[in-house]
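Paired with chain B in one complex and with chain C in the other, chain A is shared by the two complexes that follow.
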Partner chain A sequence: MTAASTSAPPSTLPGLGAVRAILSTLVALARNPSGAIGLFGVTFFVLVAFVGPTFVPIDTKAKLDKIYQLPSAEYLLGTDYQGRDVFSQIVHGGRDIIIVASTTALITTTIAVTLGALAGFLGGWFDSVVLAIADIILTIPQFPLLLVLATFVRLNNIVLLGVLLAALGWPALMRAIRSQVLSLRQRDYVEAARCLDLGTGHIVFRQILPSMSGYIAISFTLGMINAIFLQVGLIFLGLVPLSGNNWGVMLQLAWVRGAIFYKNALAYILAPVVAISLLQLSLIMLARSLEEIFNPRLRQGA
Partner chain B sequence: MVAASPTLAKPADARASLFEGWRALADNYVARRIGKAVLTIWAVATMTFFLVRLMPGNPVEQFIGQLIAQYQLPYAEARDQAASLFAIDLDQPVYLQYFSFLGKLAQGDLGTSIKSQGVKVTSIIVAFLPWTLFCVGISLFISFGLGIILGALMAYWRGSVLDYSLTTFGSLLHSIPNYLIAMILIIFLGVRWELLPVVKMRGSMSPGIQPGFTLVFVLDVLFHAALPILTYVVTTVGTWMLTMKASTTATLEEDYVNFARAKGLTDGRIRTAYVGRNAILPLFTQLTLSIGFVFGGSVLIESIFVYRGIGTILVSAVSGRDYPVMQGCFLITTASVVFANLLADLLYGYVDPRVRVGQ
Partner chain C sequence: MMTAQDSGTRRQPGSDIDEPVIALEDVRWHVRTTRGVVKAVDGVSFGARQGEIVCLVGESGCGKTTTGKIAAGLLDPTAGRVLFEGRDIKTLKGADFTRFRRGVQLVHQDPYASINPMHTIGATMVAPLQRHGIASGAAAARRRAAELLELVDLTPSNDFLDKYPHQLSGGQRQRVAIARALTVEPRFIVADEPVSMVDVSIRISLLNTMLRLQRELNTGFLFITHDLALARYFAWGGRIGVMYVGRMVEMGHAPDLVANPQHPYTRALLSAIPEADPELTRTKARVELRSLEIPSLYKLPSGCTFHPRCPQFESGLCDVVVPALATPQGSTADGHDVSCHVMTRPAG
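After this line comes the complex of A and B, so read on.
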């Protein structure tokens, strides 16, 4: 159902059509068990990260008599090496991670979709150049490159970090979009638009891309997953001087302070690990069920 | 008159054959792949050169300033010292510096470390790169092989307990970042349950062990590499397994498999020669991406396990701002990935002759 409604050319009321497509996608997601879990998980983490802080005040006061407390009613997840409440740090720590991830995903998807669609549609030298650049970026190991770049660019700005991650993240998605466009280019409605001489911009962005909204949604989710992986890794190595609370910083501090060797600190060090893993897991389940929804052939195979 | 015509025809002929030769080279799969690899390494080397040399407040200038402030050296002397450490001649125009940088790179000269003065970057790389190559190589080999076998089994026994448990296991491990898995391994295996002496397992070999082809040495190396290898395998095997399962399932429905069955070929022959060989193909295209990912991720894994490979050196060079070492480590990591990709692609061309012809 969804696949059919999204692969049709845009209706006369694009706003209404988009809303209907999003709603029907959400309904399909809720019907798919892993999609429902993924959707629930992502919504949960976004709510906790953005609404939670108003209910749970951050605990920044060092309490030397309360170092590495076990989880209790007062400290749900115990306390850290300075006696601060871990639970409040977890609630506050997701915001930066999610903001960087969505910024990255947004920019990644924009670059990937624009370049991929144009490269697939135009072909010729533009296609070759974009593919060659993508190939080179794909080959360079991302993590070492980010390490090197981190010595030249101060990555203390969330948006800047997102831009940098996106500059390295677009090639894989671009290739997927490009191959989609290559096959869509042969469709009758694109042929018809060409015969009407509607112009490249119109054909690519108004005729081809709307039928790929499913792909774009998947790309966005995959972009977020990759961004979280790289971002937390960079923070963990202490290369992103982000101030304040975030799960990556928690992880780094817990590791550097040797919290793993304290018996009572298990909840403290596992809290960010579990939070990051669950967020990643929800995103991956979401991406996978989106793939199933938009690519019905997968449903039979699974 | 008659003698003149062949001499006139000759240059055109030569040009034509040169052109033909070029065309043949450009059409040749192997030549094209090698060309791409060289181009990538060149692009990365160029990028690092300009980052190190031309960025405002670049490391060379920073280092000169540092020398002046620290040792009260006159500017000229500080400049000379910086130039020799970075292996560039600062008096030349930038484009000449660039060419001499490329020339030295081709000869394997990457300059000298700033932090441990007098130590050649090349010798640092020679000392630490093999450990990473060993670890990453073994892990890729194990997880690729294991993934193929398990994935094929999952496809043959679809819906079985094995299929369900491995699918869940694979997608679960696939979604947890590998450095978190590494931390979980240390926390539980090492500290909580005290099953493994994680502190003793640090480094790439125990002190006092003589390198050589002795059992003691090999066991010791494996002892130290065990946790990184386990982490790499556990985090990558899921992807291979699931890809192999999907691809085997698709291949099983091909007409030629039905035909082979109708001919009365044995199951074993169908599974290996008909299904297996074709089902592996999509995995080879993923191999290229995976090599870069695992090699790049080794930076984190090695830091967590304190394994003395090129990743650890890169991290310490980055945090100590030892630019020549950092540049060298980054270049050699990229070069290794490019080279591994080249091998994977050539192997792919051998396994699937269709790609050699090119679309």
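After this line comes the complex of A and C, so read on.
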């Protein structure tokens, strides 16, 4: 009969479905100018940070005759206080920033979404315990605590730094997720899922959370933005050991070495600032258009 | 249709034909609020056998939806028991509880809120099929989902599987909600005002689909509505229960209750139904109520809650003693109960 003969194609190729979902997401992003610029910016910085270093070798050789050079064909962004190429430092300096930011955002979002969804849906003692822990962390001012922690935790491991930022960053998002779940769990379709005995896991992660995927994606990018600020701030204050290349380290050295007193060093000082700002701007623009992508109604429009 | 034959084989014969699939025993739902205790449901009892249609009628706020949710096990009654196949659902554990959950399903009033907008119709249908192992494998589940959509007259069913709820009309969504309830092969479906949110023009066809399901699958229905005309149509082969502010005031077989209403409230409701013939409607004898005001749930009248509006009110009796649901003296119809002092009193 009809059902048997025509139902096959979409379900037999699950891989194709995933490809189609990704493609439709990209198409939806491209349709929105702000989202397209944001996606382009983020892709650009990721490529520069992770692929760029293979083409641009890092310049570590001090050249005393080339200190604070203006941008030129040889040194695209000028040179620093030791006559090293600033452009190569920019290319190599994004990797750690992006890794710390995404590690932090990933852990923060995972903890916040899981705990927030379960606390909101289950309620009871689980809710009380999670809320109590979150409130304790929320009352401690983050940045000063990080300053104190940095004095006795060696933060030279970028993943450790990401984990530490995440451990302090999840409560705010958790509370937001929890309150949304409290409202979503009253929906008729959640009640229908309870009636169909679909199980707590399915109800929380397949019925409730997808409605919040846009919000979660936005929170993820905002988490990255916050992590970048915290991280650069810590480095700038000299509380994270200055190892490797990092836009934050560049800023810190420019400050410490008094580059601001040399007018030729303008490009050197501005380069990491602009890089950080552009990355942040790209993330914000991407976040703004994510809402549309996760809503099937908006995604399929037109 | 492929659907008619397999329905008979799926359903195992009940152990006892006369045993109710689901029964409510003196169910109460009293909510404590800052303004006092609200008795949303106050001592409602009824049962439904395999394939039986029971209709609950009453004005909004009379507790019919709450009663439905209690019957579906989604609300715990504050007092009273809900029996599924003769066993208190509170005592059911593990596989027995799953059997109850699968046995009784709910179709919500608002089809715009009852289907998750994030999933395709196919995903919505496949989830319960796979969860309960009714169809093994993704392809089989999808095939079964298509069959069920066809069963509720959504054809061609494959077109609907990959659609999102927002691409469907209200009537189509309500059919999806019914098909979703059917995925777990329930013995009883609580339908909470299933047609009140859909276009008037397609109400009858939706009702007919449900009546066909009742016939073909022998599924029982608890049909909740505020519209006695709808109840009369849907429950003609079953029973109608009339609720008034939390209590069942009259219950009987639909033709009997419509032809021979006992409770003054039922009479008022029936007399208020507009007939197809406007001339008939205009000349129809109306039951004049003493008051048109529905009592507040915070401050229910003493005795019979209907007494402030009742044309047959007797001072000193109706406003003092709560009438019990009982068969009127000398009544010939079986199973026609009414809770009214005046109507159940021995004649003379």
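Everything below uses one rule, namely that the second predicted complex is superposed on the first by the 262 of 302 C-alpha atoms of A that agree within 3 Å, B and C clash if a C-alpha of one lies under 4 Å from a C-alpha of the other, contacts with A are read in each partner's own complex, and residues count from 1 in each chain.
Here, a residue touches a chain if its C-beta (ideal position, glycine included) is under 8 Å from a C-beta of that chain, and two chains touch if they have at least 3 such contacts.
This is a predicted model, so every value here is computed, not measured.
By the touch criterion defined above, A:Phe55 reaches neither chain B nor chain C.
Of the two partner chains placed by the overlay, only chain C lies in contact with A:Arg206; chain B stays clear of it. Judged by the touch definition given at the top, the superposed model places A:Ala150 against chain B, while chain C stays out of reach.
In the superposition on chain A, contact is made by A:Phe236 with chain B only, not with chain C.
After overlaying the two complexes on the shared chain, residue contacts for A:Leu196 are found with chain C alone; chain B is out of touch.
Between chain B and chain C, more residues of chain A are touched by B.
Common to the chain B and chain C interfaces on chain A is no residue.
Residues of chain C touching chain A in their complex: 2, 72-74, 98, 101-102, 104-106, 108, 110, 113-119, 127-128, 131-132, 138-139, 142-143, 146-147, 150, 156-158, 161-162, 164, 166-167, 177, 180-181, 183-184. Here chain A touches chain B in the complex through residues 132, 135-136, 138-145, 147-152, 172, 225, 228-229, 232-233, 236-239, 251, 255, 260-261, 266, 269-270, 273, 276-277, 280-281, 283-285, 288, 301, going by the rule given at the top.
Interface residues of chain B facing chain A in the complex, by the touch rule stated above, are 36, 39-40, 43-44, 48, 51, 55, 59, 171-172, 174-177, 179-180, 183-184, 186-187, 191-192, 246, 249-250, 288-289, 292-293, 295-297, 299-300, 303-304, 311, 314-315, 318-319, 321, 323, 326-327, 329-330, 333-334, 337-338, 341. On the side of chain A, the complex with chain C involves touching residues 1-4, 6-8, 10-12, 14, 187-189, 191-199, 202, 206-207, 210-211, 213, 296-297, 300.
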